[in-house]
């Protein structure tokens, strides 16, 4: 049994400040023996708020997966969305990969009857409902509620204003929608979980911590992504005009 | 942050041999710092294979929850079913409670696209489908397959025969039903997970280990059952002709 | 064809006043030839408002089932919930068993397009939604609405206040949620159905009456619970430290 | 309380032999005090096996509803389908209306965990699945299986052959699909329910009897179709070139 | 490839003014080469607002289908509902048949994430939700909202009042329910699509145009209704007291 | 009304032979007045068979969307999958965008009761089921069946062998799964639709043609992607180390 997991947190956007923040949070909550490291790609958008942004962030993020796969035991994809990189990473490595959105939702299911997700701008509502449906958890989701402000606008407000805004939305989810648990649906909300938990008298979950704890558990147990069907290694094929590292994902049966 | 969780495993049937087995498994997989202990009630059925059996096991199991709640950090309910004691325990304590069936299913969702449950006699099939639906995970479940033998009959067979039977059923789940991950749906299958994983080339999950790792994560993170709505403490009321410990669950607002 | 059904109503809480009330209602609506009797256990909670309460009421209620099974034709489980005793009773007898919650909902489906359930305290909302899902009737349920008061608090109010409260909630279900039919989701509301039906211009259903009429129909027709798969008699097993009557449920193939 | 229900069975096809058969069955199972009568339209198809057939049978069947509504207490629509006349009849009368397909399915839900429908030609499979979905009962339906023969071909076979064919299909539903209860999905199967129940050791339901018992219960209880929303009386309007009786359905607010 | 489709629009109500209106709209949007014609039956209701109305309109509408089938390439059923004539027409012809409600909804699914339907009186809400479920599109439907006025009352208002009413309801669907696209759920709203699209900054769809474009595409492609299973020609049978044209639908294998 | 649509078909893989094939098919089925052009990116995988492949194809494909958006009226994304580029393209242009998988499925829903998808290797089964669920069409899908061979292996077989293999799988979908319509789930199957339709007596749909006809209809009608909520233009942000064209998608409100 492996009790010394090396866990890589990949922030798929290019903002180093966010990468440092999640590294800090993960270090604080890591179990004895766990080594955590956070990285971000050099190429792509500074924030991810659309499928377009996700796709622009994907190649450089996958490059990080391929580079680090031989040296780490598990991957956190630290973007609160159903980022397609999660599934591509499962296809191309044998190590477990957990996204921070799914981590909060599975955790919430074991702490309450229904959860709500609190997110930033309104466009995230359909995207996160799609995520909830994709995870098969629609029956457990009370609501997806947004603050109505984009991520970067949120960053521009004072901490007190931001906190008040998020607290207000989370409270409605609990009181009007019947949520037992709140999932913080944006990296910009990281670090507010404990205070909100106390103020709302309901568990409020940070995705980085949830994903970290799940991956520690998987590595301790010695289990990993199934390569049997859905996440089998992709069929080898020629890649045109892409860095050679991408071809290493396929193995050696090139066609 | 609490890095020294005391986790109580409650086997709701009265067979001490099974209690010892889960204690042994949990001890093997516990993180550094975790203290695990397994107990079982003195009153109730020797095995649980029906809702009738569940209900007969319930009062003495809840008594264990009430007795141990002040001294432990988390509870595993070690019966592969949607045992109603899981929910009652969430109502009457503030500590996290995880059942071994839900634990395997949530773990499976982060390792594959679909999971199957392998269980014992055929009557478990509707019961475990109900569990899957109750957890809201029907869209992720490829199949519930049974060996056709009751738990105790399974125990009477040689280990090789039992293994062959379970391997055969699990293989069909993978090859015919498209399961990426197998959940071992019976305590009698405990200890076969690693060998089956190797033979099937697909993750095969033991519920006690999954629940243990989830609870360690919750205690490390400092999160617990939401008492906000679904699992709020029940309204106080008079209990007729029951041991006085049961009244302690309600708090002091007696009516 | 049996046109003289003996139907036993089991109130699983220990409050004799409620038992008398349902006996009275059933007697009023019983068909010519039907014999109704209502009983309650001597052990357990005075009211049932949580899964914990359900489980404390279960053994003594099942004892009643086992005692009466040879002498009656059918059982009503008179608790407005998805009480697990309904299923255990189906496992251990060959007589039909109907719960009062499912009875109102199936009846409502033949009288309108959508139904709503009106219940007491808010914690019943998730419990009754779970019931609706378990019955497979979620697509027919417009809403579950609660008065926000616990059962026993409701009893303390004047009849006029209680009526006004329930009428108000039911009206919202009809006008805002699109309910065609209202299911009275608490025993404390028994006897209000006719007046509410008149005041709301919509059918309002009492569970005891619905269950009684369904069971009369089943006994007239000569049909009963299927023992084929889900409700087959449980496998025999040793019971530790329980009254001997519980062992009679398993039949003679003791292991 | 009305203990003398007058229940009209409407066979929407034009075959008097079938009308007599259902009259006979209903008379056999009617409660003391119930008056049953069966009728069929003079215009329309001899059998109903498609939506086209349903629509050709509709006007004359609705005419029967309008003619009899003042004199009867309840209507059975005796066609094993989701015949749209059921809903139109609910719109234009205040008396309860039950179809024989929905009657078997709601009855089955209180007798087992899953039901299957056994029908005639294969085209009925999608039609009856649509019915199951429309009733909101898909989660309770194990399968819809057909004999592969149209109704009238079935009538041409010897009774022994027909029985063997239906028994065989029903047995597969029980053994392979996990059905606890069988719904006989064609009038041509009427009268086989008791023998099949015995041979399969599982309840096998006749729709005419189920609908009769439900309607007796509704009339005893004094409840009827909700006129509140979905089945409100249609807005009055001019009808061109149709018998004047059809205009009586709208009431006097003609536009 | 057939680039000269002859498309018949059938208005199932008997109001010629509406027939002219849809003829006009279809002519405006028809592709080069397409011939459109609109007809209505001489027998039936002047407006369709209930299942009763649908059934009274059915025989004469099906007669139109049978009369025109040899001479046209495709049928629009121009009633905003899940009119059963759509399915009967698919059974009895080999030409494609599209209803205007399903046309708007499938179109909407390719233009946005969620659609809402705006309809007339409140009784249409359950009917159109049933339609949405029948099409299998419930997950894509944000809401069905009604103006609360019956079709004919709507016609009596000034155009400005009607527009304001519909605009108001559609705006709520977009702003409160999260609809990306609006489906105009009533013929009386025809011709308002372009103005609403501009005022709401969201696509607003007219069913006649959507159905026309889909059928042009089908005829161009050379594809038509599957006669393989669900819409196979009905089994031949005797029809009593109906015009002889109805028997031609069955083919020559009369029984 | 625009009757001269310029429709761009984007093949997201880098194999020019496939691009030529779809150009040829589209030209054959285009309406009078429609101008079709097919292109493919110069960077990315030669075939797309996994989420990894999708993500590697995304940036260069989106570059094509941005380059061509000012000059064309509509986009076909010609990859039989729920390729995330479909959604990103909807976010960054105002022109309608249709994927070939969704096109076949919506078309199938208007031609039959259930459809099946026939695809290549088995790993596509979970991916295409996910697509079906994402489109909200699970209730209409009879099955997703695969030939078990990867795309490129399929290309290496003789045409007769390939045809026989696909015919065989499609036949099982019709006969065993109850599919009325078959969707050809791979570009390598293009051109077989007419022959399969004849051999199976059931419509068999090519995605390029279906998407083309839908887009022609949208352009004729003058409707396009809703920019209201889900596909609103993404918030502007800095892009690091990416070609400048990608920044043009955001408009000028850079943060």
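In this document, chain identifiers A, B, C, D, E and F correspond to the written order of the chains, with residue numbering beginning at 1 in each.
Keep this in mind: a residue touches a chain if its C-beta (ideal position, glycine included) is under 8 Å from a C-beta of that chain, and two chains touch if they have at least 3 such contacts.
Predicted model only: the values in this text are computed from it and were never measured.
*Asks:* Which chain pair shares more contacting C-beta pairs: B-C, or C-E?
*Replies:* Answer by contact count: B-C.
*Asks:* Superposing the C-alpha atoms of chain B on chain F takes a rotation of how many degrees, nearest 5?
*Replies:* 120
*Asks:* Calculate how many whole Å lie between the centre of chain A and the centre of chain C, each centre taken as the average of the chain's C-alpha atoms.
*Replies:* Inter-chain centre distance comes to 44 Å.
*Asks:* Let me have the rounded angstrom distance from the C-alpha centre of chain A over to the C-alpha centre of chain D, please.
*Replies:* 52
*Asks:* If you average the CA atoms of chain A and of chain F, how many Å lie between those two points?
*Replies:* 29
*Asks:* Mark out which residues of chain B touch at least two other chains, giving numbers and ranges.
*Replies:* 113-114, 125-126, 130, 133, 139, 178, 229-230
*Asks:* Pick one for the touching-chains graph, please: line, ring, star, complete, other.
*Replies:* Other.
*Asks:* Which of the residues in chain D end up touching chain E in this complex?
*Replies:* Contact set of chain D toward chain E: 14, 42-47, 49-56, 58-59, 62, 84-85, 87-88, 91-92, 121-123, 125-127, 130, 133-134, 150-152, 229-230, 232, 234-235, 237-242, 246, 249, 255.
*Asks:* Help me check something: in the complex, which residues belonging to chain E touch chain F?
*Replies:* Per the stated touch rule, the residues are 1, 3, 28-29, 31-33, 96, 98, 102-103, 106-107, 109-114, 135-140, 174, 178-181, 194, 197, 200-203, 205, 209-210, 213-214, 216-218, 220-231.
*Asks:* Using the touch definition from the top, list the residues of chain F that touch chain D in their complex.
*Replies:* 113-114, 139, 178
*Asks:* What residues of chain C sit close enough to touch chain A in their complex?
*Replies:* 125-126, 130, 133
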